[in-house]
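Quick one: this structure, given as C-alpha cells, is what I'll be asking you about.
Every chain is named by a letter (A, B, C and D) in the order it is written, and numbering of its residues begins at 1.
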Amino acid sequence: MNSRGRKAVAVDPQIKSSNLKRLRRIEGQIRGLQKMVEEDRYCADILVQVSSVQEALRGVSQALLRNHLRHCATAAITSGKTAQRDVVLDELVELFAKFSR
Amino acid sequence: MNSRGRKAVAVDPQIKSSNLKRLRRIEGQIRGLQKMVEEDRYCADILVQVSSVQEALRGVSQALLRNHLRHCATAAITSGKTAQRDVVLDELVELFAKFSR
Amino acid sequence: MNSRGRKAVAVDPQIKSSNLKRLRRIEGQIRGLQKMVEEDRYCADILVQVSSVQEALRGVSQALLRNHLRHCATAAITSGKTAQRDVVLDELVELFAKFSR
Amino acid sequence: MNSRGRKAVAVDPQIKSSNLKRLRRIEGQIRGLQKMVEEDRYCADILVQVSSVQEALRGVSQALLRNHLRHCATAAITSGKTAQRDVVLDELVELFAKFSR
C-alpha cells in the first residue's frame, strides 16, 4: 500500500517476525516508561528501565545488521558495480560510527 | 491512583513534562520502526532510525539523572544516614556501568 | 615535581593501585596494537583487541567514578555550599553524557 | 621476526600511518593517565581524559573497519566461497555487537 523509501534486497522471515515482536515489546516498555514518569517514580528505577530498552534496541540493530550484510551488502559488493559497492561500504562505516559511540 | 514502586524525592516539573513529551515522540518512532520492518524497508535506513531512538533515549536518561542527582541522591547523601547514602552511591556506579557500555 | 591540577579529596589506596596496574596493562595493550598495525595484521583481529582495551578503560572509569562519588562528590554535596555542590552535580551529568554515548 | 596471526588482504598506507600516529598519541595519553592517578588528581578530571582516549580509540576502530570492509571483507564476499564469506559476515556482526554496547 504505502511505499516510499528504499527496500531491502531480501529479509529473512524469522528476522522480520522476531524484530516485529521485539519492537512491539519495546513499544510497551516505552509506554511503561511514560507511566513511571507520570507517577514520579524513583529516577534510578526509571533509568534501569531505559537501559533495558536500549539493550532491546541493540538486539534489533544486530538482527537488522545481520540481514543487511547477508543480503543487501552482499548483493551490492558482488554486483561488480564499484559505485554501488562503495555506497554500501560507506554506509556500513557510518552505521558503525553511529552505534559505536 | 496506581502506585507501587519507590517514588522520587522530587521531580522538576519541566524535566517531567519534557521527558513525557520525549517518550511520546519515541513511542511514535518505535511504531514507525515497526512499519519500516513490516514494509521490508532498506535495513541501513531502519538502522539509522534505531540510532535516532537511542539518541533520544540518551536525552531522557540525562534529564532523569540530572533530576536524580539534584533531588534523590542529594537527599540521601545529606541525610547523615551512611547506609542510605551508600545505597544511592552504589546505584549510581551501577547505572554508570549500565549506560557506559 | 608533580603539581598543577585539582586534587582528589581522597583516594582509596586499593582503587589507586588497581587503577595503576590496569593502566600499565592497557599501555602494553596499546603497544601490542601498534605492533599489529605495523605487521598488517587482519583488521578484525585488531578490532577485537581495540574492543578489549575499551572494556579495560571502562573498568578504570568505574573505579574512578566510585571513588569520586564516595569522596569528592560526597564532600561537595555535604559541604552545605550550594555553588560547590551544583558544580559537582553538573560535572556528574556531563560525565554521564560523555560515557553513555 | 614478526609473524603469527592472520594478515590483512591489503592496508591503505594512509590508514596504516594515521593509525600508528594515533596509537602513539594514545600511548602517551595512557601514560598521562597513570601520572594523574599517581598524583591523586581530581577524579572527574581523570575521567574526562579517559573519555578522550575512548574517543581516540573509536577513531582507530573506524579507520580499521573502513579498511577491513574495503579490502578483507570485499575479498571474502566476492571470492565466491560461501563458507569464507559467512565467516566474514559473522565476524562483522560480532564486531558490531562488541562496539555498539
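What we mean here is this: a contact is a pair of C-beta atoms (placed from the backbone, for glycine too) under 8 Å apart; a residue touches a chain by one contact, two chains touch by 3 or more.
If you're wondering where the values come from, they're calculated on a predicted model, not measured in any experiment.
Taking each chain's centre as the mean of its C-alpha atoms, the one that lies farthest from the centre of subunit B is D. For the pair subunit B and subunit C, the distance between mean C-alpha positions equals 23 Å. Averaged Cα coordinates give subunit B a centre that lies 30 Å from the centre of subunit D.
Per-chain Cα centroids separate subunit A from subunit B by 19 Å. Among all residues of subunit A, those that touch two or more other chains are 61, 65, 92, 99, 101. Contacts between chains close into a ring here, every chain touching precisely two others. Taken together, the chains touch in the following pairs: A-B, A-D, B-C, C-D.
Listed in rising order, the residues of subunit A touching subunit B in the complex are 2-3, 5-8, 11, 16, 19-20, 23-24, 26-27, 30-31, 33-48, 50-51, 53-54, 57, 60-61, 64-65, 67-68, 71-72, 88, 91-92, 95, 98-99.
By the touch rule above, subunit C contacts subunit B in their complex via residues 58, 61-62, 65-66, 69-70, 73-74, 77-78, 85, 89, 92-93, 96-97, 99-101.
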